[in-house]
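See structure below.
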Amino acid sequence: DTLDSLREQGFARIAIANEPPFTAVAADGTVSGAAPDVAREVFKRLGVPEVVASISEYGAMIPGLQARRHDAITAGLFMKPERCQAVAYSEPILCDAEAFLLPKGNPKGFRSYADIAADPWATIGAPGGGTEEKLALEAGVPRNRVIVVPDGQSGLKMLQDGRIDVYSLPVLSISDLMAKAADPNLEMLAPVQGAPVYCDGAAFRKQDTALRDAFDVELAKMKESGEFAKLIEPYGFSAEAAKSTSRAALCGE
Amino acid sequence: MEWDWAFVAEIMPVLLQGLQLTLLITLLSAGVAAGLGLVFAIARRSPRAWIARPVGLFVSFIRGTPLLVQLYFIFYVLPDAGIRLPPLVAGVLGMGLHYATYAAEVYRAGIENVPRGQWEAARATNLTAAQTWRHVIVPQAIPPMIPALANYLIAMFKETPLLSAITVLELMNQAKSVANSSYRYVEPMTLVGVLFLAMSLVSVVLLRWLEHRYGRLAK
Amino acid sequence: MTQPIIRIDRLEKSFGSLKVLDGLSFDVMPGEKLALIGPSGSGKTTILRILMTLETITGGHVEVCGEQLFHMRRNGAERPADEAHLHHMRRHIGMVFQHFNLFPHKCVLDNITLAPILTKGEPRAAAERRAMDLLEMVGLADKARAMPSQLSGGQKQRVAIARALALQPRIMLFDEITSALDPELVEEVLLVMKRLAAETDMTMLLVTHEMGFAHEFADRVLFFDRGRIVEQGPPDQIFTRPTHERTQSFLRKIIAAGHRV
Amino acid sequence: MTQPIIRIDRLEKSFGSLKVLDGLSFDVMPGEKLALIGPSGSGKTTILRILMTLETITGGHVEVCGEQLFHMRRNGAERPADEAHLHHMRRHIGMVFQHFNLFPHKCVLDNITLAPILTKGEPRAAAERRAMDLLEMVGLADKARAMPSQLSGGQKQRVAIARALALQPRIMLFDEITSALDPELVEEVLLVMKRLAAETDMTMLLVTHEMGFAHEFADRVLFFDRGRIVEQGPPDQIFTRPTHERTQSFLRKIIAAGHRV
Amino acid sequence: MTDWSGYLTLIAGGALMTAQLTLYGSALALVAAFAAGLARLSRFFAVRALATVYIEFFRGTSIFVQLFWVYFVLPFAGITLSPLAAGVLALGLNVGAYGAEVVRGAVLSVPKDQVEATVALNLTRFQRMRHVILPQALPLMLPTFGNNAIELLKATAVVSLISLPDMTFQAQVVRAQTGNTLLPFVTILVLYYAMAMAIGGGVRLLERRATRGLDGVR
């Protein structure tokens, strides 16, 4: 099966997004971030010594997985019922709430996605195919006011340049951006009202449930031993949050 | 993954909307390219080296670097210099600028294609420089350029998907957006291909007709 | 006493390192009909092109209708002529080319009226009326609306003559206007030229290899070789009693090649 | 009794609706030197091009060295020849063109050796030795390494003759091989041709407007007009006592145009 | 502050990927151009038709769309290529389609006389092409091939959108990590231009070699 072939080739191909702190690429090209770190450790325990990461848009991840471009998605791709239909998720790994990045003082007073829908001139930036884009569309923001932003830095820049009014990402991603930008004219609103806390998991192809189950076993062991917390907490994620929920709950099963 | 006709029917209106924007972008960019290209062509012919040289270098630089990177540059770097363009405008300017360098080449060839005797006849009948351009050179230079220019128009049409990188919701971006929320790439991408091919085939026929009608510039 | 209409004084012209004209001097009187003959490369075309300001000069002076062609006086000093001065001077001169150089995108009538309308501001109706007279004169009144591509070489050349005449220059230059024509078309052009020479008092400079025509047409013949006048005089003298060995051998060759003298 | 080496039987050739050859028949015996003469457009070139398989035929038969050129027998039935058959037949035939058609990217020696090496698998050394002999024969041994662009027209044509000979064909076709040459270069080519005619027993078909040369060269002269043989016979008879009015008027015109008979 | 040397290494790695893509892509384009260009001149209708379909398809659709298609759709037909292979395939086939027309045009522009001479010398079809036609057509193709290679170089930037770590992609990464936009983009623009100039110079050199001895002919 898939796990055997991964063991044989000695590496697993994972999709990441280059969105710190979920996923990050260092100056020397090495991949880090909470999600790949966890995946790397679990795969090691499964007898797959290496992970090879390729950066991808959120929207391209699931098609890429189905097209066998990746063996797993470990990128902070949050579990939502319709995604659970498309892929096989592991148990939760990284949990985070949604946040807005806004100009200082939040001049238009946005607190929720619905607020943005209500203002006919407001535009919101979000990664293409990400949870935030979906949330905005579901809250009634028309397609042409949801600007698909290729990456965090572009979103930050577009907000600074006044091309968008709000930029929405998970809390920790926004914090990371704010820390890097150190721009006193920006502020973060977290959490966004009415938006649930989401958790991601490693996503596998629907037919690779055996691999997923093996992954879950090792993941549970790590959660138990505390190694899990040691890996993700330096990035600001809470291990407790991941332990307190389950795939079944998040996928609405 | 199966081909799903119901899904095709569902996404078609969105894609057609994208196609509309794509066509609009193409036409606007073509306008920019045609105008700016003329400026380049004339500047490069200038007897003043301080005009001709830098313009020549600039044109060569634009031609030698990818449009995608130029678009990023216009969209993300220029705002630091206080030039903040909406995505559509940035895209049209970027693409127009890029293709202006090609158009300039066509103009040059077209102008050089007018025999020297025509310049001399204009001089012998004492026309001014402006009158010579307006009444003698340009009317003769333009028709043979038309097929070559049309060729670049088609090329431009095919490069509009690059504008998705700077958040313009043209055909390709619409398709990606559809794919992102449905996790299906097969139908949207194939349809985009089909739409492009259909448009191109139509334009190839048009081009053949133009070449027949106006002749072709010698290479 | 009348002044020369053209004064060429120690004229020099080089193309790069090639000296084509080297201190050439001659005058032309108003109304004179001059034939320039000589071997290929002797500089005949160059002289006409200089007079038409299609070439610049590299030394000497050219005076046309009492004014310097390539120089102008500004604040007492002599300076190279600017485009405005050249434009002003070109009013006096018209030229007919070997390859006609008609504007291919304009019909015969428009070819003729374009310059009068643009450069002299003539009303279109008046310009067209005169153009029709000129077409009548060259025997092409029925071709007014034809495009150049529909004409034979001889017809094109006659239109080109009409076009140059339409500006009513005081000096006309003709550069081998029959040598691009098929033999059977030469006659119709020469006929027009003969009529023209007889009817007008324009000054005319003609470069030709048609010695018979030059003989009939010219008041004076200049024989050139290597950018210099080797011999000049009335046609009778040059064609029948040339004194210079060069002239003699040139005429011999021309006759051998089948050109009439 | 020897058989004809070429048999042309009711040959027909049309270009579109234009019938160029209409039921032409004649034979050529081995070693015969034939001159084909006649006015422009009479089909002389077409006959040579058909023999060289550069044109297909639209009717009739051509037999070369005892085999059909454009037909082959398969399973008892006559069928159009395929490329393999044509390739096989072309071994017998060589051709020299009006415009030489040397390969501009290859030196003289390579022009000559290319085909023997490729089509007959000759070793390069042997091919080059024979090429040098041939160059000697045409008087160009010192030009073996020159590029065609460095040669005069006459030299090019002599190389082209050597190139065709290198394949040792039994039949050689020459199509106006001097008419693209400057007059002073014609002689050197004709000299080579005369030597060739005298020294080999190859069959040769020659199209020419050089009547004097045809006279010296040929065993038999065919006079063509509009794709038909109007008159044929030994050169003495055709050139001095032509019986047909057409032949007479053709020869008169040729002489008037300055060609020697 | 920021450690630029690390990021420069990243961009250098991207430059290497871009160079690779350009090289392999051009190689494939060359093969495709000759195959399709000559196929269009074939005696056989089916071969001609196939070549025409290939050429019109790849010239008719956008390189961008082709790339996405190869990357995301082809796997469903059971063909999964590595990102590099996908990039090379799309770029090579796309530019090859344009090159095919160049090959065809150049071959047709060799004078008919030359073909006739080869027939008279009884060369086979292949020998004609190999020894006489192509050597003369090649110098005519080179300048346009040079331009096509530069177009291919520029088109490689598009592969960044399918996550291939080429120069443009790495510039985006650097930008995401450092928050600086100007520097990475200016760097890669200059690098692209340098590469384009190098291609142009190389082709001119080749051209001079290919036309040696042909002076006076063209």
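Letters A, B, C, D and E name the chains as they come in the text, with residue numbers starting at 1 for each one.
The rule is short, and it goes like this: contacts are C-beta pairs under 8 Å (C-beta built on N, C-alpha and C of every residue); 3 or more make two chains touch, one makes a residue touch a chain.
Keep in mind it's a predicted model, so treat the numbers as computed, not measured.
Comparing mean CA positions across the assembly, the chain most remote from chain B is D.
Contact analysis places B-E first among chain pairs (by count of C-beta pairs in contact).
Note: the chain lying farthest from chain C is A, by mean C-alpha position.
Between chain B and chain E the centroid-to-centroid distance comes to 21 Å (mean Cα coordinates, whole Å). Between chain A and chain C, the centres computed from C-alpha atoms are 84 Å apart.
Separating the centre of chain C from that of chain E, both taken as means of CA atoms, is a distance of 55 Å. Between the CA-based centres of chain B and chain C the separation comes to 47 Å, rounded to the whole angstrom. Touching two or more other chains at once are residues 60, 63, 66-67, 150, 157 of chain A.
Annotation for chain B: residues touching 2 or more other chains are 1, 76, 165, 185.
Looking at chain D, no residue sits in touch with two or more other chains.
Working note: touching chain pairs come out as A-B, A-E, B-C, B-E, D-E.
Residues 57-60, 62-63, 66-67, 83, 86, 128-129, 133-134, 137, 143-144, 147-150, 154, 157-158, 160-163 of chain A are the ones that touch chain B when the two sit in their complex. Contact residues on chain E toward chain D in their complex (touch as defined above): 113-114, 116-117, 119-125, 127, 131-132, 135-136, 213-217. Listing the residues of chain A that touch chain E in their complex gives 18, 24-29, 54-56, 60, 63-64, 66-69, 150-153, 156-157, 180-181. On the side of chain B, the complex with chain E involves touching residues 1, 61, 63-70, 72-73, 76-77, 80, 158-162, 165, 172, 185-186, 189-190, 192-193, 196-197, 200-201, 204. Of all the residues in chain B, the ones that touch chain A in their complex are 1, 76, 79, 84, 86-87, 165, 167, 169, 173, 176-177, 179-181, 183-185.
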